[in-house]
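Data first, discussion second: the structure below is written as structure tokens.
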Amino acid sequence: MPSSGRPSGRAADALRSIDFQIDVNKYAEGSCLISFGDTRVLCTASIEQSVPGWLRNSGRGWVTAEYGMLPRATDTRTDREAARGKQSGRTQEIQRLVGRSLRAVTDLKGFGERQIRVDCDVLQADGGTRTAAITGSYVALHLAFEHMRRLGAVTRVPLLEPVAAISCGLYQGAPVLDLDYAEDSQAEADANFVITASGQLVEVQATAEKTAFRRQELDALLDLAEKGVGELVALQREVLGLSE
Amino acid sequence: MPSSGRPSGRAADALRSIDFQIDVNKYAEGSCLISFGDTRVLCTASIEQSVPGWLRNSGRGWVTAEYGMLPRATDTRTDREAARGKQSGRTQEIQRLVGRSLRAVTDLKGFGERQIRVDCDVLQADGGTRTAAITGSYVALHLAFEHMRRLGAVTRVPLLEPVAAISCGLYQGAPVLDLDYAEDSQAEADANFVITASGQLVEVQATAEKTAFRRQELDALLDLAEKGVGELVALQREVLGLSE
Amino acid sequence: MPSSGRPSGRAADALRSIDFQIDVNKYAEGSCLISFGDTRVLCTASIEQSVPGWLRNSGRGWVTAEYGMLPRATDTRTDREAARGKQSGRTQEIQRLVGRSLRAVTDLKGFGERQIRVDCDVLQADGGTRTAAITGSYVALHLAFEHMRRLGAVTRVPLLEPVAAISCGLYQGAPVLDLDYAEDSQAEADANFVITASGQLVEVQATAEKTAFRRQELDALLDLAEKGVGELVALQREVLGLSE
Amino acid sequence: MPSSGRPSGRAADALRSIDFQIDVNKYAEGSCLISFGDTRVLCTASIEQSVPGWLRNSGRGWVTAEYGMLPRATDTRTDREAARGKQSGRTQEIQRLVGRSLRAVTDLKGFGERQIRVDCDVLQADGGTRTAAITGSYVALHLAFEHMRRLGAVTRVPLLEPVAAISCGLYQGAPVLDLDYAEDSQAEADANFVITASGQLVEVQATAEKTAFRRQELDALLDLAEKGVGELVALQREVLGLSE
Amino acid sequence: MPSSGRPSGRAADALRSIDFQIDVNKYAEGSCLISFGDTRVLCTASIEQSVPGWLRNSGRGWVTAEYGMLPRATDTRTDREAARGKQSGRTQEIQRLVGRSLRAVTDLKGFGERQIRVDCDVLQADGGTRTAAITGSYVALHLAFEHMRRLGAVTRVPLLEPVAAISCGLYQGAPVLDLDYAEDSQAEADANFVITASGQLVEVQATAEKTAFRRQELDALLDLAEKGVGELVALQREVLGLSE
Amino acid sequence: MPSSGRPSGRAADALRSIDFQIDVNKYAEGSCLISFGDTRVLCTASIEQSVPGWLRNSGRGWVTAEYGMLPRATDTRTDREAARGKQSGRTQEIQRLVGRSLRAVTDLKGFGERQIRVDCDVLQADGGTRTAAITGSYVALHLAFEHMRRLGAVTRVPLLEPVAAISCGLYQGAPVLDLDYAEDSQAEADANFVITASGQLVEVQATAEKTAFRRQELDALLDLAEKGVGELVALQREVLGLSE
């Protein structure tokens, strides 16, 4: 595929440099610092020995996520949500998305009445923080379940298959993979895809930022996303030592 | 198309009964009470003679939306957000979606430095409140611009083309159009599509509620949505007295 | 009684056109959309199977009310209380008044340890929203108790007698009944009366808006209110199918 | 008037011991610590050299009030509103009432574009805090205007006449004046009257606490209130050194 | 010690006039209105018959404190924290300090699973409100424990020894005791010391307001504080009728 | 100095392993990731081109700080302050301390009317987070000023001298330097010292956690702190390339 004139010089279907550092937090049952280029998200998975009230005596567990950005994760400093006294609509939207994505590949009957809280904190943001958060959270969640297995709390990791996420967009008329901030802020359309290792769709969120887009364009973005998620899942498996 | 075993007995590709009542509020520059079956949303468009600070002296206007539900819009009473002291993540997600959808078909340079605030208040909810809100809001927004035109504040309605929204889902394995609550709460996957009169996509939000879904299934849902939006746009044009 | 120069041309002792639409909400145990002229308030009564903590094991029930206004219920759009993060003093004052008024005619020992929550949401405001809310809420509450009786949860409707409310005021020096917004905003004094079918007083709230008023003027307002409430109670009985 | 069996042994028409201590705060332009028996409210009036935005360039001033209770002003400690993060409906209702009552006797055109903020803080509560607050606030406000006159900021105190407030109620079937907490918590009906020195009514708030009341009973309460306010105004004039 | 040029003319090591009025609140189990010159703080101690959740079944009690300032306690009126909807960082810092100081001299195992809440409300502020609050709170707390002893709830007052607090500072280069506001606002450094009757340190908080200070200066401030606390403890013992 | 029986085996006067990583954030004008053993705090300094309102037209700048902890920075997960909707008293206390400490060594007249916001976010907490935050913030602030100097916005770095902070405490009766969490949670007393390179004191905060302490003990803690800060300042100078 020829160069698409991307600011980074990347090919249209090229991911940024992806990096997973695991076990970066001495307290969390699972943790992963994920980088998509200059985007860096610290994901921790914390096990709690009880579930929300509406799940009590159901025999089921729960997985939930929270998301935050450090004030200077961004080019211009953003006010601290704790100081403003509330989480923005964007923050809530993202943490709901991360939670749903993880639950879609988790066997909620497979780890007792426990809750896993995944925290995704963006240390540096250069586009794609929510997709990095999902991709890294899966790794942190897997590590937390392995921790439980080592302790004998579960006999197997109750995850159905890996899940990862990637953004795609229409940039100067062409579909491109894994937008960085320079592209994201100029893109005509922006889409986030959450896809499992077996290629099933978990979430599709496509938004016309400037002008509406055609169905064929959505198809082209989905083609790119399938390629990108394939590569991300291979990296997740590698860092977790999982065979395919 | 044969019956798909839907609780309502509707065909898989059948909308519920759709109704638009316009000019239902004596103060609002544009208003529309829209019904999708038993879902009823009151949409009002209010013109303000100034824009948010970041648009001052830009020559551009802005369109924004807010969303709310009356406490007993739902089967079981929901606590009032004003009493709880904050809007839920769901509310914020929806009002951001409605605002983006309207802006996608609005010529923001075409009505001066004014802001239109669209309020979508759900009087009764039976599934599909966000898609009803978008579809009704377009009508209220159009009426508000017509009001400005009659006053001479604009020379033409600064809307590029109609926009409408519809939900689709996988219910008992089959793709169906315009989910009511009975279906929505049981669906395997749920998708909302915002599509313009010319068939361009503005927003696609597809979510696996129970299990991940295949790409062909997303395609089938999109086929249904295109059909449904076509019917909704025809009704919008009819109530607004617009030729195609 | 001669014309009093009211903007609406009404006689000094004339109510606006009053309308009750009942059972307008498919979920609420009781509901009523009441109109006092252009003022429209949607009242729903919701039954909950438990009481606040301080009433547990008392054998008594509770009735409480909440009040809200849609943002464009008013001539100029009002900010949404849920977005501002708190209810105004005015809102809290009104919902406390509605709750007290309903409890004054309810036999709290007559329906077990249940709570009825009445929601009064103003769809359009043209003066007198709190008195319309009380008058319509009584109807919604009665319908909810009838619903309980049909289900066998109570053997009789535990309401002592109907209650209704009306505003009166001194407008251009003369006492007038049922102020609309044009009058209310210019009145020298403004009073709200909550009165039972048998003519007992439940609440009297009279306020000098511009200048203090004389005791005889309060008497004249009370005379008007008694007449107005008499008419409202007759309409409540009619819509509820109650004999006098 | 014979004893009415009141817990305090007071005659039905007897006020509690009333005391005004003025200039109790070294910073406030006007201050008054008022006692109605064991009820003690500290009232301060603070002059600000600007008005709220909606009054700018109107040539008019404004008077507003705030109300608070110390946590242990009450028999059982009440949570601090600052800690709970919001003022209760009751607090807001009272501070709106105090503000309206003071404005009713103030010539808002008589002291330039200034705002007087009156703070009423209940140090100890034994019934009647809102009426003590109004009665003491008038004194603090008068003192603040005298302060302005001494500085030459106004040529005369812009107050039309004194205003005071008192509660009355139906206690064991009989009308009584100036309820203390023991009576207030048992009263069948409770009324607060704000009345000027010349006997004009500013606010009437009568509430059926247990059962609705008759019009003649309201009249009897008003008779008592007129007597009580007469005595309070005489004391206000004495402490302020005003002739009648 | 010669005059240090203090605005008040006090000697460098002289306290302001100190006054304790006890039992000033008819409801509180212990109460004390303390004055350090023009600084006046009302301290009440309220006994609750249960402890916070984390102490249940521990056999231990708890002592906690809250702090507030009336809006016109200060030269320029300060906004009410209840109206702003949150307590400032300063308020929280002070109330945590008061609570720790009291707990340091309380035998938490000596009064069962009860909680004492101490409220410190500043009626007038002229510097040193936090040290006056601690010194007065000790008295209120002692009185509350005596109240419990009279009722037989404890056999002895579970306080190890008196505690008091005082501020010192570097003013125009010289160490001075018990800063009033005129000094405090100009001081180069400001320190608060919480010291027990036997001379043990409970809290030391020294802050460079303008320039950093030397270790010998800290020593000089501590010398002054020991002298001041000695005098305060003598006054506490006198008002409480305690022998040394 | 012999072993003091510390859990870590450190000598009583030994710091943990200290590490500074600078320029770890691509956007911040200055940044430093500081480690005191397992405590890790990310400090960023952000330059804003305007000052708070009260400093406008003063010719002076301002330095302020905010502090936060990631939810799983701690052994047991802590709720996110942004989700709870407010910052704790502890958080506010710390961020005020960091701001004061930095301002004490900053020439506020030396960088124009600009504000530097320093954010201290704890990635992992093992005791001493506030002292690490101050020590790392000084480095980030210095780097931000160097950035301004390179751009020509200032001619010299407007910092008077380095400042650093360290905690000390009484652990099992003995004074020890740089408490880790295992010690901190068991210490009899805990003190934080903020000291400049020239040995001047900026802040002293000593707290009796279990029992009050003697003046000689405070002296011993201060001896340790002076030694520790000396070592920290040497490391700050090294990483910043400053001569002594």
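In order of appearance the chains are A, B, C, D, E and F, and numbering begins at 1 in each one.
FYI, a contact is a pair of C-beta atoms (placed from the backbone, for glycine too) under 8 Å apart; a residue touches a chain by one contact, two chains touch by 3 or more.
This one's a predicted model, so the numbers in the text were calculated from it and none came from an experiment.
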If a chain touches chain A and chain E alike, it appears here: F
Taking each chain's C-alpha mean as its centre, the one farthest from chain D: A
Copies chain E and chain F - rotation angle from C-alpha fit, nearest 5 degrees: 180
CA centroid of chain A to CA centroid of chain D, Å: 60
Rounded Å distance, chain B centre to chain C centre (Cα mean): 33
Whole-Å separation of chain centres (CA-atom averages), chain A against chain B: 28
Chain E: positions in contact with at least two other chains: 85-86
Chains in cyclic order, anchored at chain C, direction fixed by chain D: C, D, E, F, A, B
Interfacial residue positions of chain E with respect to chain F in the complex: 86, 88-90, 92-93, 95-96, 100, 104-105, 191, 196, 199-208, 211-215, 217-218, 222
Complex contacts: residues of chain A adjacent to chain F: 25-28, 31, 38, 42, 44, 46, 48, 66, 68, 70-77, 80-83, 85-87, 91, 117, 119, 121, 123-124, 126
